[in-house]
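Each of the two complexes below includes subunit A, the first together with subunit B, the second together with subunit C.
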Partner chain A sequence: MGGRRQRALAVAAAVLCLALALAAPFVVGRYTLRFLTSTLMFAGFAVSWNILGGLTGYFSFGHSVFFGIGAYAVAIGMVKAGLPFWVSLVASGLAAALFAVAIGLPVLRLRGHYFALVTLGIGEVVRGVVSNLTKLTGGGGGLSLPIFPGGVDTIYRAFYFMMLGTLLASLLVVYGLLHSRIGYGLVAIREDEDAAQMIGISTTAHKVLAFALSAMFFGVFGGIYAYWLTYIEPADVFDIKISVLSIIMTLLGGLGTLVGPLLGTICFQLLSEFLWNRLLEFHTAFLGALMIVIVLVFPRGFIDAARGGVRGAFRRTVANVRQFAE
Partner chain B sequence: MAILTGRNVSKRFGGLHAIERLDFSVEEGEVVGLIGPNGAGKTTLVNVITGALQIDGGEIFLRDQRIDRLPPHHRNRLGIARTFQIVRPFRGLTVRDNVLAGALYGRSERHWLLTRARERCLAVLEQVGLMAKADVPADRLTVADKKRVELARALATGPEVLLLDEVMSGLTPTEVDEMMSLVQSVNRSGVTVVLIEHVMRAVMGISQRIVVLQNGRKLAEGLPAAVAADDAVITAYLGRRAQGG
Partner chain C sequence: MTSLQLLVNGLLLGCLYAVIAVGFSLVWGVMNIINVAHGALLMVGAYITFWLFHLWGVDPFATIPVSMAGLFVLGYLLQRYLFNRLVRAPIFMTFILTFGVALIVENLSLYWFTAEYRSARPAYSSSVVHIGGLLVPTVRIALALIAVALTSALFVFMGRTRIGLAIRATRMNLESAKLMGVRIGSIYAITFGVGAALAGAAGSLMSIAYVISPVMGPPYLLRAFTICILGGLGNIYGALVGGLLFGVVESFGGLWLGTGFQDVIGMAMLVLVLLVRPSGLMGKRFYEI
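Take a look at the complex of A and B:
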């Protein structure tokens, strides 16, 4: 598919992007580097949320839970258990993945909307539990972490590269899935779960695996984030906005694709960087408006929409509005 | 030797007995036609054999292995595949990927690797005559081709028994002819076929044996010609008496 020339172009583009990403922290200023670091993290959210939401078709509104679990795993590991950061970081990914398996096994037997509702609820429950386990988590007062050793520039670069590395790992996982048996199984489940079962796909096992992979990356990002900020509190790391933004950025770029979530995040981040400060008051209204535009104009992401050109986009919008009106 | 056997199989929906104490057996290598009026329990029977629905009583065997408690994907891995009455291809995927998904799973565990599965996928596409449309998204196909894709996807899983739920309905007479010869070629390749069908010409034409269901029970069973001439069948199913003389 795509032809050899297209593939060569894609590889060239990927190499170029990677080279730019590797060079960036030695070129740009601190403010920009900080912006890029959080952009990498958001891109990682979208890419890994997409494993369950895009490939498998199960929308989770509760992925902030895994981010929070990862953040607290690193904080507790370093502060309470005195473990080194890297060990705590591995624990954060494992903890998030295990928690996903524990809730996935019962909950992923549910389909579609029910699953989405349950994920919303779980987010609130875990946040409540963490806020009240004061001895372990510091409760609502949060936890302070040690500061990464080294000068300011070293710190800025270190966290940039950690986010970049985790993002690349998530992209590799999605690429691997899209080119493997399991990926076909996940996509088949998204397309028609009953039919998928009938061709021998054990749907629950596949869904739980996708959920755990997706959650694991959120956990690792949470762990890095905690060390980066050196202070975490429940309201910050269990923020539902993490889940919502992941969904918006993925939808913006293209559900179920490899680079869609990445491009969606870049667009979203640029938009917010230039508009946010001016639209501070309308912040949420802007998010809402964006969601409506996405759903109506390009429900399959703008990569797909761009293929049809402006006229295609117009026709699609009319068709979508009609469909909603029915 | 019987490849698929049911003993005393029952399925209720609330107070409705969709299938009641049904005994059936399918011989290896045959084409069995399953007919009956709407609501007779034909699709329910497919659903309980494949595991989409659980039975309320009785036993179902594939050869001598009891399968009625197994989940659907497990039964498929043992060699049972189906198509759906209302077509359900993976609409967002190309014809090729639909079939490839089947080749990657099912009984063909040996096709675990993509390259192996691709070979199997190509062979099936060739067999069902969809090679020219391999890269077309499934939702852009005609009904006849969508049914063909579903058949191909089921076939790619490497089944021993294939349950076809109205693969002929909604097709033009030419398409019915094509589908009939396709089903026959599939059967010749060693797959046992259970054919649920309302298109009499097709089911009478290619079945070696016919089972007639009515209200979840077996009304008649036998050679196509004998069943077609059976008074009870004519009354129940065709809804009119054969004219004498």
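Take a look at the complex of A and C:
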């Protein structure tokens, strides 16, 4: 971001987007509002996954765990403990963050492939455990939550604004990180962890903090989601697709940037609304195909590809292949 | 159930795990690709056996070469035309690439084969052998023997054949291997093909004694990963020892904690080994025999 004019443009664009987002629920129909609400949630996934994956360089394939923990925290808090929603929601963020600290302390020592696969494994394990703790979680049968008080339109708008608020909070956190010592520390870890440690960055504390922040937002989104759907089951809230989507949307927009994940989510949601939501049984296959296309053609995301032209990105890929093949 | 019975069950199962793990370890060790699709390839092998058995009544044991050949071709093509494009890319890229392939394969299988649990149990699968006070199904003994034979065959292949030597040479020093006339692209494709064929064989073996479904892959992928870490990467003995150890621990853990928590034990073992002894119990640095 250089120059005063560019900064003014960016601020204007942000204000315009925010105004549109605030006005939307009073203008659009229910179907669209529902679509927008889930888009906000997905955008929140991408933005907060990016704190660990993009800024710090640790690719987690198990963030669905935090979403699931948040969802179950709200469900158990409201149904079993009789707590009000807002208290349960705070608990959901805290539970997810605490779990992230607990597993992060050992697991964040691992790098690269090891970290990725271990997080994938933790996702599978936690889902299995939650399905088996029948007394607390209702097991595979799931849990039903009370319905949000108020008319249909109130409910639709309330959840829209909750998702929007959480997304804005996550964007603020990323913005703050990008302009602070901690954020520079995270980026330093991504670029070269040993060097970061050499210059005195306490890498463990930084990584655990990033992990906990990122997990906390997933937990809060999970909590809102549970109350929104009023019914949760392990297969749904611990779905690996949540982790996969976060990665795809972040990669689409560009790793480690503020607005990249947001734009990636919008691209992705438009694609999925108009292309493959009509073929729901092949949804996962489309996601898989999209992952392949991203890594082969747009390894740095759509934004970067658009800068150098899609052709440029393709040429780079081809060059890479040539260089390799004898 | 006595502890001895549990031990025998665990060892027999561990032999199958070893086959899953050596294929995974080979691909990882030689090309530095974490093949997330390994579980999906295993599932495809299991279904090849199931359909041959179910539709044409072929003996499940006779289908093993078919599923190995089929998976070799599939693996060869995947590496040759897809994964080879990214061999030099950052590790996450190949991780995501194979993840994408796994998602596609699993989704299509779910669509075509449905989520129903199936098994290719032949009529003779109910026969058991009494050894001392132990009851062991004959089929499981046969499965374990085939598994050990496959692992040994890989050992011979890597140590005694020209292609095996070329694969190891490629792993040790890419540039020198090129200078010696090794065609890296096809060697990589063959390596992946061999890994996939082993996954296919393991899938066929699993379908004879256990239930299969299109989503069976990920738990086996995690086991393969854990076993590779336990045994040390790129080491056939290590995979065998790791597989046996894992089978035994899982079998005892299932008794103590209940089968629902079996995966927790595996995961706990994995994290523990990674933290305490990252090079594995029999770790060597590179692909060695």
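Structural remarks
The rule we apply is simple: the second predicted complex is superposed on the first by the 308 of 326 C-alpha atoms of A that agree within 3 Å, B and C clash if a C-alpha of one lies under 4 Å from a C-alpha of the other, contacts with A are read in each partner's own complex, and residues count from 1 in each chain.
The rule is simple: contacts are C-beta pairs under 8 Å (C-beta built on N, C-alpha and C of every residue); 3 or more make two chains touch, one makes a residue touch a chain.
Just so you know, these numbers come straight off a predicted model, no measurement behind them.
Of the two partner chains placed around the shared chain by superposition, neither subunit B nor subunit C is touched by A:80.
Legend: residue contacts after superposition of the two complexes on their common chain; A:282 is shown touching subunit C, with no touch to subunit B.
Once chain A of one complex is fitted onto chain A of the other, the partner contacts of A:187 are limited to subunit B, with no touch recorded for subunit C.
Looking at the shared chain after the overlay, A:201 reaches subunit B, while subunit C stays out of its contact range. Set against each other, subunit B and subunit C touch different numbers of residues in subunit A, with C touching more.
In the superposed model, A:116 lies in contact with subunit C only, and not with subunit B. By the touch criterion stated above, A:7 is placed in contact with neither subunit B nor subunit C. When the shared chain is aligned, subunit B comes close enough to touch A:179, but subunit C does not. In the superposition on chain A, none of the residues of subunit A is touched both by subunit B in one structure and by subunit C in the other.
The touching residues of subunit A, counted against subunit C in their complex, run 59, 61, 106-107, 109-110, 112-114, 116-118, 120-122, 124-125, 128-129, 131-132, 240, 244, 247, 251, 281-285, 287-292, 294-296, 299, 317, 320-321, 323-326.
Chain contact summary for the complex, subunit B toward subunit A: residues 50-52, 71-74, 76-77, 81-82, 84, 88-93, 97, 100-102, 104-107, 112-114, 117, 135, 150, 153-154, 156-157. On the side of subunit C, the complex with subunit A involves touching residues 34, 82, 84-89, 91-93, 95-97, 99-104, 106-108, 111, 178, 183-185, 218-219, 222, 225-226, 229, 258, 260-261, 263-264, 266-267, 270-271, 274-275.
For subunit A in complex with subunit B, the touching residues are 1, 179-181, 184-185, 187-188, 190-192, 194-203.
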